[in-house]
Amino acid sequence: MTPVSAEATTPRGPLQVEGEVFSIKRVGDYFHLTVVADGIAERARPGSFVALSVGGPISGALLRRAFSIYRVRPAGVYGGTVEIVFAAHGPGTTWMAQLSPHDPVNVVGPLGHPFAQPLEPVSCALVGGGYGSAPLFALAERLRERKCAVHMVLGAATESRLFGTLEAKRAAQSVTVTTVDGSVGIKGLVTDPLPALMTRNGIEVVYSCGPMGMLRAVTEVATAHGAWSQTAVEESMACGIGVCMTCVVPVVGDDNVTRMVRSCVDGPVFAGDRVRWDDIGTVPAGTHGAPRPGRPR
Amino acid sequence: MTRLRPEDVDLTTVLADAHLDNPVMTASGCAASGRELHQFFDVAELGAVVTKSIMRDPRSGRATPRMAETPSGMLNSIGLQGPGIDSFLATDLPWLLQRDARPIVSIAGGSLGEYAELARRVGNTPGVAAIEVNISCPNVENRGLVFACDPFQAARVLAVVRRDTPRGVPVFAKLSPDVTSIVEVAAAVMEAGADGLVLINTLLGLHIDPATLRPSLGGVTGGLSGPAVKPVALRAVWQATQALPSVPVIGVGGIRTGADALEFLAAGASAVQVGTAIFNDPGAPVRVIRELRQELAARGIAKVSEVVGRAHPSLHPPSP
Amino acid sequence: MTRLRPEDVDLTTVLADAHLDNPVMTASGCAASGRELHQFFDVAELGAVVTKSIMRDPRSGRATPRMAETPSGMLNSIGLQGPGIDSFLATDLPWLLQRDARPIVSIAGGSLGEYAELARRVGNTPGVAAIEVNISCPNVENRGLVFACDPFQAARVLAVVRRDTPRGVPVFAKLSPDVTSIVEVAAAVMEAGADGLVLINTLLGLHIDPATLRPSLGGVTGGLSGPAVKPVALRAVWQATQALPSVPVIGVGGIRTGADALEFLAAGASAVQVGTAIFNDPGAPVRVIRELRQELAARGIAKVSEVVGRAHPSLHPPSP
Amino acid sequence: MTPVSAEATTPRGPLQVEGEVFSIKRVGDYFHLTVVADGIAERARPGSFVALSVGGPISGALLRRAFSIYRVRPAGVYGGTVEIVFAAHGPGTTWMAQLSPHDPVNVVGPLGHPFAQPLEPVSCALVGGGYGSAPLFALAERLRERKCAVHMVLGAATESRLFGTLEAKRAAQSVTVTTVDGSVGIKGLVTDPLPALMTRNGIEVVYSCGPMGMLRAVTEVATAHGAWSQTAVEESMACGIGVCMTCVVPVVGDDNVTRMVRSCVDGPVFAGDRVRWDDIGTVPAGTHGAPRPGRPR
C-alpha cells in the first residue's frame, strides 16, 4: 500500500482574496473563524493551509500568519467560506481574536502540499495535538469516501486545548482522547494509546498534525509498526508561497540525500520517516550544499 | 489640461544597456526564480525578474529559524541557500526565458575567482538582461570580511565581474547600507567598471527570543528588510545620486506601493525593486506597476523618466 | 518554587560610578529636561533622566518640518535646538535636582574646546549622575564631518571630556550606528577613557514629500528612531558587548515595552533608554519599569543584573 | 483691552486615558467623533486639543494625531466625553474614520495653550476655516458668558467642507459663510467679508482657526483694524506634550526677539501679530540661537 498524492482537481493554485469575517466563536482555548473568501474552498485539499494578513490597514506586522484549513464550503448563499481554528498566541493572533463579523480579512490560499491519500481502503489513524486536529476532519471525510477505516486520537495538555472531540465521534470509527493533566480521557500523550490502537485496528497509515515533538514521536510509533506516516509540520514562514527559503526542514529524498526543503510548498505534509526530526534547527552534516569543514561561509 | 490616463503613461526605462518596459522588478531573494509568483501574475509583466543570488556550488544555507518578524519589517538569515549555477542555468533561467520574462541574474561568491566564473557563465547566456552583483558575502580569502564593507574589496569584485561579462550585458553592484559612507563605496565600484548601482541590501540586525533570551536566528544576526528600512534606502539613493548624478541606480528597501516607488524615483532611482512586500502581498510587484501609473497620471507626468531625480534641487530646480 | 513577586525584583543598577535605583532612563531629546513628563509621572521614579543634548550657546535648531512619520518609526531633524549651557544650569538642572531625579546630562559640541567647556561646567555641578557625550555632531574644525563617524575623532572628544570631568562622574559615549564597524568606534572611545557606551543614536534617513516630491524635512536628511530600528540597536549592543565584555552599555533604540527592555539587557546592556515611544505614550518610561519587573518575576529572576548579557553564549553558557 | 489667559481652573494638566468610541457620524466631508474619556472634559478649555493614537494594537503608525476639541461633556451617565471633528486625510485619519462605537481609543489631553479671553465684554469675531470652526463653539459659549458679542465667519472650499453653520446660528449674534466655489454663502474667502464686519460691529478681538494661509490673512485684517488676534496654528507634531521640539514656529517675544517656539505647549493659540507668518518653515535671521554666518552647524 503506497499513499499517493490527492488527485489533481481543477481549479489549481493559490489565490489572494480580500475576504470578510462571517463568524468568530470561542471554542475552549481556541477561536473558530469562518471567512467568506471566494474560490479557496474549491481549491482546498485536506492538509493545505491559508495565510492571513494581520493588524489592519496600517499594521506594523508585515508577515502573514499560517493556519491549517479546518473546513471549507464552496460558494453558496454566502459565497465560499474557509474555516480555521487558532490559538491567540502572540500579537497577530491576539489581533485576530478581536475580529468581528463583516471585518475585512485578506487570505492567501490554499497553500502547501496536502495529505497524501491511500488508493486502497486501508485502516488509518489520525492523530491531532491541540488545534492540530482541525485539518484532520476534512481528511477523515475524504478517507471515508475512499472506504478507509478512520480512527482518531486527539490529545492536548488539558481539556480546553482539545479541539473537535465531539465532531470526531461522527467523523471516525473510534475516538481516543488523551490529556497531559488527565482532565479528560487518558492521562498522558497521544503516543501512549497509539501502539495498541494500531495493532488492534491494523493501521497502515498514520496521519498527524501538532507540535514537532508529537509528530516525531508519532512517526516513531508508526514506523515501528511498519505503517506509513504523513506529518503536517509547523515551521516559521515568512512568505508561505515558496519564494523566501525561511521555512526549511531537513528531509531525506528518494536518493537518500538530505536537503533543506521548504515546508510551505514541499510541505507542510511530509512522509514522517523522511523528516530528520532530531536535526531540525540544524543543517545536518552531509546535507546537499552544506558547508564543508575548513571553508568559511 | 486634459487628464492623463494611467494607461497612457510611458513607463519604459533604460538602465545602462538594459531596456525595460517598466521600472519595477522583484528584489533578489524575495521571488526565487519567478516560478512561484507566476501563480499570482504573469512574470513577463515585470520590468525584470531579479533572481535569488546564485553561487557556484549548491548551498544548504543556514540553520533555522531563518526569520524573525520585527516592527514593520523582518530579519532573515537564509545564508544564500541555492542549487548552484549548473542547476540554475539548466532549469531556472530557461523557465524565465520561456515565459518572456526579463531576467536580471544576481550572483554571489566567496572569492574573486567565483565571481569571475559566475560572470562568464551567466553573462554568456543569451537573454540575460543584466547581472546584479551581490557583494554582501564574506570574502573567504580575507578573514571572512564582507566585500561590501570595504570600498577596495568591493571594487575588486566589480572589476573582475565587468571584465568577464560580455559587453552589452550591464553589471550592477548591489551595496550594503552598513558602511560609514555609501558614496565612497559607490564611487569605488563605479570607478572599477560597474554600470550602475542597486541600493540597498539589508541592514544587519539582531532578534532576541523572548523565551530563551538568546538570539532567535540560526545565523545569530540577520538582514533587516521591509518598510522599516525605507527611510535608510531612500537616503542611500539620494546620497549616491547627489554625488554621482549620471549613474543609473535601482532603488530597493521597503517598497510596498506605487507611492513608495515614486519616492525612490524622485530620490534619484531609475528603477525599483519590490522585496519583502511580496511576502505580505504576492501580487505586490504588478500592483506597484499599476499604482505607479496612477501616481504619475494624477500628477500629469507622462514619462516615468521625467520624475527621476526630482528631489534633487541642484539637478532639478523647482519650476517657477 | 515560590513565585517571585514583581515588587521583590531587585532592579538596582551600577554603571561605572553611577548607582541607579533601576535601569530605565529617558533617551536624550525625547524628554526635554523632564518637566513636561512630570505631568504624567514622577521623574524621580526613573533610573535617570537623560536631558536633551545641551550645547554651549543657545541654538535655534533647523527649519520646519522637523519630523516625518515612517513605518514603525519617525525621522527628526531638530538640529539640537536648546537654550545653551548657562540657561540649562540655571533652570533645567536645578529643577530636576529639586525633584530628586537622577540627571544624566547629554552634551554636544562643534569642537573639542566646546566639549571640554561643557564637561567642566556640567561635571562640576553637584548631583549630576553622569555625562553622556553626543558625538553625532558635525566637527566645525574638520570640514563638518560628524565626530561619531571616525574612530579617531570620536576618541579625541572622549579623551577631552574625560580629562575635564571630575572623577566619580562617569562619562558615556553615545555612538552612531551609521558606521562600518561600531566595535571599532566603541574600542576607540573606551581606549580614550570613556566609562561606558550608549548605543545607539538615530540612523540617517530621508523622507520624500508625496506632494512636492522633494525631501520633506527642513534639514533634508533626518535621524530614524522608533521600533523600526530596534533590531539594529540590539545588534549594536550585542556586537559591542561581545567584543568588549566588561564595558557598561546603555541600550537605546525602539524600546516600547518591558519585554523590549529585557531583550536589550539580555543582549548585553546594563541599562536602557526609552525615546520615541514617549511620543506615543507619555507614561512609557515608568510603564517599562513596571513591565520589566513583571517580565523578570515571571522568569524567576530576582536581580536585574543576572539577566545582563544572557544572550551571549560565550559569556553565559546555557544552564544544563 | 488686553486678552488675558483663561483663568486657572483645577484640575490642571493633561491626562492619558484609554477611552472608548461613543459615536461616530459623517458630517459633510468630515467625521464627528465622540469619545468617552474620563477627566478630559473637566480640564479642557476652548482652543486646547487632544492627541489620539491610531492603527490599533499592532499599529505601524507610532505618532499620535492632534485634533482640536470641539465639545466636551463632564462625567454624567456615560462618563465624561470629548468630541472632535476630523477629515479623513492620510492613513491615520482614514483608520479613525472606520471606528465603531465601543472601539477603544487612547486619548492624551487636553493639550496646549488655549484661546485667551477678554476680561471686558467686547465684540469678537470668530473665524473658522473648514474643520477649524470646531473649537470656536466652546469659545463662543465662554465669550457669551462674559457678555461679549460673538460674530462668526465660517469659510471653506465648498459647502461640504463647512462645519457647524447651523450651530453657529445659535452660538453667535451673526453668522457669515463663505465658500471658494460659491456653493453656499458669499463666494470667496473669509477675509472678504471680514473688514466690513469688523467695522460694522466694532470688533476688538479676532479669533481664528484654520489653514496657516488663512490665519495669516485674518491676522493682517485684524491688525489693520487695530484689533487683537488669537490664532490656533497647525504644525506637524511628534509628541504634542512639549518634549520633542518638532512643532516650532518663529514667534516674536515681548522682548522683540524671535524664538522658535513649540506650538504644542506655547501654542497652538498664539497672538496673531507675534507669529512671523512669512517665515514659517525657516529659521529667520536674527532668531535666538540662529546659525551665525560663516559657522557650519
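Going in written order, the chains are labelled A, B, C and D, and every chain counts its residues from 1.
Simple rule for what comes next: a contact is a pair of C-beta atoms (placed from the backbone, for glycine too) under 8 Å apart; a residue touches a chain by one contact, two chains touch by 3 or more.
In this text the structure is predicted, and so the values were computed from the model without any measurement.
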### Task
Give the fewest steps needed to get from subunit B to subunit D, where each step moves from one chain to a chain it touches.
1
### Message
Of the pairs C-D and A-C, which shows more C-beta pairs in contact?
### Response
C-D
## Note on the structure
Chain centres from averaged Cα atoms put subunit A and subunit D apart, in whole Å, by 55
### Message
Can you compute the centre-to-centre distance for subunit A and subunit B, using the mean CA position of each chain? Integer Å is fine.
### Response
35
### Summary
Between subunit A and subunit C, the Cα-mean centres are separated in Å by 46
### Multi-partner residues of subunit C (each touching 2 or more other chains)
71-73, 226-227
### Summary
Multi-chain contacts in subunit D, i.e. residues touching at least two other chains, fall at 60-61
### Query
For the protein chains shown, what form does their contact graph take: line, ring, star, complete or other?
complete
### Touch list for subunit B against partner subunit C, complex
70-73, 75, 149-150, 178-181, 203-208, 210, 213-215, 221-222, 224, 226-232, 234-235, 238, 254, 259, 262-263, 266-267, 307, 310-311, 313, 318
### Message
Per the contact definition, I'd like the list of subunit C residues that touch subunit A in the complex.
### Response
71-72, 227
### Query
Hey, which residues of subunit D end up touching subunit B in the complex?
60
### Residue numbers on subunit D that touch subunit A, as the complex places them
54-61, 91-92, 94-95, 98
#### Entry: Touch list for subunit D against partner subunit C, complex
13-14, 16, 53, 60-64, 108, 235-249, 259-260, 265, 280-283, 287-291, 295-297
